[in-house]
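Right after this note come the structures.
Paired with chain B in one complex and with chain C in the other, chain A is shared by the two complexes that follow.
Then we have the complex of A and B:
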């Protein structure tokens, strides 16, 4: 029967036991070899069935046998009774071992889920100096456990569902009931339920199906591979969407400023965190605008430069064959090529590409008179500044907008850049993430949120959750008078 | 709807492509002018430009010690009936567009200044590419030769002249650093007059080549000289530097200055030096009958730099005496300048403004023949100078050596 549904895949194991001596006749186990934990199957299912079965009093009907097997023999945590073929196949593909009894219409599914998985490792894309070194893995069960260990609240809810007609990927949403807004949870549920696709291989699939706006370079859903970051989000009223098969967990709703917060901001002192946060905003603007400003000022607004700088720049441009805009586009595209090559190429060839990149393209291009040295500095600084932004999807937005800005700056000068910025600002102000305004603490202006926007105040001063995300009747994070103070003169020591 | 949107987007794109870039200039298409000179020859304006050669300058800046092996600037002139006409004639002989936003100084020849500075003002205030913060100087004879003169230490001469002006105005204050807007303000003020510093090439031949630069002492160098007096928009005469100092006191343009003075009334030899660190002047007009008397109250403080008098500086009365001598000295300077200014019949001291402000009704009468009334004005200088510090030593070396 099973074989008619799944075909004759060689990894499906069907084990039949015909032992007349116990009166049990025709038991069959079915499992998929690669999905189960071999040891569990052997010790908890096969061994008890084969040895301990004799100690039981032989019942007459096969349905009673089933009860005995379910209640007394199978010593695994989760055993389910199955009534239909579809259910049975699903369970089989989840890594269960099915137990069939001859003459019985009900089958048993014992959870023997196992197999090889990557263990919990250090996060590779969102590293910190101080802070937890765990990251999510590809296994949704591990991921949920990582979250559960961090938030031991009775209010933590996990809702699992399967999405994808072929992949049947487990997708879980996780939130704190009472802190996350019910409306947003409901919205996420409906958006997830609406997805009708054949496969979900990464959380990006989900992201693209459920995000608010598609025609924007800006991400409206956050992703993280850090359980602590996800936990922090959930505690602020965000909803985590965990997808099986990827270590990247989605967090929604999200605001623009969240992409400039690193979880380390909260693990280091608040003063340095504030400083770094300002550096990040500055870097964002540098990475978006620096080449365009350079082009605009050096081709339209030379009077804005100090005289010595102008002369030095003019000297460098002597003999450069291209206009500044072409020069900048050339260098930017070169850098993007280098960057893409660096990501894709095998690790072994790494040093070679850096030599080519640094020496051949940087130094030699200047010496050959193809580009000016100042342009190389501008492009490299822009590139470095781009890496400062903690969220890679926000960094990508700045990277794309940069090219548009360069063309605007090269054709219309500062006026073009200003108009471009206006368009971006209007666009940002119009974006929503699950109903939450994207520029939330800035527009609409929410004063209490400013404690964690451009600056980061100490923990004891952050008394409230962001009201845009957290539900209104549960906004207070901590009690009053949390500011540490030295013991008073009357306290005895 | 989609169609309309597409057409709309396309037209915006076309606007960008077809209208953008019209005033785009690459850096290597600019002739950056560091100084401009204006001469008047045969009824035509001759405008000269000191254009920097960026590659030579950046090479000179990077290779410190080697000295400039190439000339940092070139100078060329064009002629025209108007100043801007002359400027655009430059495209007949220059491969690059003249760029005036970084011009630091304008040197006007006294001949051109006698023709009137009006056209120059108009050019500078009408055009967005030239700045109102440019310093204006006067040169006697040919102004172009000032631009041809190379400078030591400062690579770009135009830059160097402006730095020199600024330093002088801040530390010595005899000659003011006159920006073109100061000049315009002076010309349109009730006094209708202004002053301009003079720049000259002292010595000969002029240092105009790299070879001439390769010496520790140059055959000639640029220096600041006298003070030119402008009435209306025309230059009418000169004041010497000593006279200029008193003018600076009266115009309240002293930032800091240094001068010698005698220690006490018996010994008239000026054997001590005083650094005036701070000074302010208040001019108040007093009307007595038909005449006006200007009360000029100068208040200053500073430190003793040098003294060669046989004096005990620990005694307060000695300091008092010194202060008194300083006050007499400043008063003398003011009186000298006043006489020189009276001879020129030009109110460069701004008396017209203060009278206008205090006696607006009488001013209406007065302004009809202000130069004549100006000569009738009496001045009444009051000077108060405080010596704040005596330096590290109390007694002078002279007193130590003579008393032993």
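Then we have the complex of A and C:
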């Protein structure tokens, strides 16, 4: 029967036991070899069924047998009774071992989930110097356990569901009841339930189905592979969406400024963290605007530069055959190609590419008179500034906008850049992420959030959760008077 | 209905008032006492605001100007009034577009065609209007602190360079108070202090409405003080020269040299002007579109295009910047604008009061 549904895949194991001596006739196990933990099946199911079954008093009907097997024989944590074929097949594909009895309409599913998974490793895309070195894995169960270990609150809720007609991927939402806003949780539930698709292979699939705005380069859902970052988000009222099969967990709702926060901000001293954070904002603007400003000033507004600099720039550009905009686009595209090559190519070839990139495209292009040295500096600084932004999806947005800005700067000068910035500002001000204005707390202005936006105040000063995301009923994060002070003069220590 | 917070309303009012005012030396006829004229103009504007504009709002806090018209005078006459305000708001937007585009050509892009700059400028504004009043108010809230900080830095640099000399402001009231007052009335009431009539379109969105009056008055006062201060800085730095330069503030900033490195700050001023004029123009554009939608029963997103086209054509009608300035300061400020800023609002206020009296006597509140 199972074989009619699943076909004759060779990894489905069907084993029948016929043992007349105990009065139990026709027991069958079904499992998929690659999905189960062989040891569990052997020790907890096969062994007890074959040996201990004899010690039981033999009941008359097969349903009685089923009860005995369920309650006394199978020593596995999770055993379910199944009443339909669909359910049985689902459980089988989840890695359960099914136990069938002849003459009985109910089957048993014992959880023997196992198989090989990547172990917990260091995060590869969001690294820190100080802080936890664990990252999520592809296994949703491991991921949930990583989160549970960090937040031991009774209010932590996990809701699992399966999405995808073919892949039947487990998708879990995780939040702190009472801290996350009920309205947003409900919104996420309805948006997830609305998804009707074949397959979910990565959390990006989910992201594209549930995000607020599609016509935007800016991400309206955050993703992280760091359990500590996800836990921090949940503690501030965000809702985590964990997808089986990927180490990237989604966090929603999200605001613009959150993409400039790294979890390390909270592991370093607050003054240093503030400095680093401001550097990030500056880098964002550099990576978006520097080439376009350079083009605009060197094409339209030369008078803005101090004379010695202007002369040196003009001397450099003397032999260059292209206008500044073409030169910049050429270099930017070259760099984007190099970067893409760096990501895609096999690791072994790495050094070769960097030599070609650095020597041929940098040094030689200048010597050959194709581009000016100043342009190489501008382009490489822009590129490096782009890597400073902790969230890769925000960095990509800046990269895309850069090209538009360069064209604007090359055609309309500073006026074009100002217009472009204004359009971006209007666009950002209109975005929302699950009802939360994207530019909060800048506008609408929320003072409490400013303690953790451009600056980061010390932990003891962040008395309240950010009201943009957290529920208003439960806003206090910690008690008063936590500011550390030296012991008084009378104290002995 | 879309809601804007009190801080957003305040930012809108301040940016709207500052808007394009630093472009000109207001009340230049008063010579060194121009700043006194500005101050008097502000007080008069405040009086108009308190006596006429705000009472209209308080009588009908949940309606915008177009709705008040149709509510008070009926559909036909109300729409007629609405059309006159489409013309007035639209014309103000036209002036802003023209001023801005001409200055861009003057200072940043001498070879770019005028219509192209106007087109880009209007397109950006149109995008903001499509996004709605909430988004527009948020932009104001973000831009305001940036603009204020840049102005403060600029003033600080001007002071440090030593251009500013308060002796140039002396003697005060050399030609008597009459000349000062003459310069202030009616020009300064119409521009910029009487323009608050536009906010009859936006006030209904402000929440909580109980605090709207207070916020409006405070932000108006702040903006007025700021404009007066700018005026003092310009006169104190340029003296008698200030009357003849096209954009006095640009002239002042040209003189700034700071630490042998910061020499050319024109683009900073251009940036300030861009932000200020953009906000003011978009506010007028927005007002025009709103009245337009009311009168012609159209969707806002659809109405943006015809209104934008009208403004675009309108701004191409002036032959030159000089004609534009002359027409604006000589004709509009003295004769045309006061009708819309004071005349019609007073009439409207009387009508609203009369109507509520009549209704009150007919059906006493139960």
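By definition in this document, the second predicted complex is superposed on the first by the 489 of 493 C-alpha atoms of A that agree within 3 Å, B and C clash if a C-alpha of one lies under 4 Å from a C-alpha of the other, contacts with A are read in each partner's own complex, and residues count from 1 in each chain.
In this text, contacts are C-beta pairs under 8 Å (C-beta built on N, C-alpha and C of every residue); 3 or more make two chains touch, one makes a residue touch a chain.
These numbers were taken from a predicted model, which means no experiment stands behind them.
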First, second, both or neither for A:423, with chain B first and chain C second: second
Partner chain(s) touched by A:300 [first = chain B, second = chain C, both, neither]: both
First (chain B), second (chain C), both or neither touched by A:414: second
Partner chain(s) touched by A:437 [first = chain B, second = chain C, both, neither]: second
Partner chain(s) touched by A:445 [first = chain B, second = chain C, both, neither]: second
Which of chain B and chain C A:323 touches, first, second, both or neither: first
Which superposed partner A:315 touches (first chain B, second chain C, both, neither): first
Chain A residues contacted in one complex by chain B, in the other by chain C: 300, 303, 412-413, 416
Touching residues on chain A, where the partner in the complex is chain B: 298-300, 302-303, 307, 310-320, 323-324, 407-408, 410-413, 416
Residues on chain C engaged by chain A in the complex (per definition of touch): 5, 7-8, 104, 108-109, 112, 116-117, 120-121, 124, 127-128, 131-132, 135, 138-139, 141-143, 261, 263-264, 266-267, 270-271, 274, 278
In the complex with chain C, residue positions of chain A that touch it: 300-301, 303-306, 412-416, 418-419, 422-423, 425-427, 429-430, 437, 439, 442-445
Residue ranges of chain B touching chain A (in the complex, touch as defined): 16-17, 20-21, 23-28, 30, 32, 34, 52, 54-55, 57-59, 61, 99, 101-102, 104, 129, 131, 156, 159
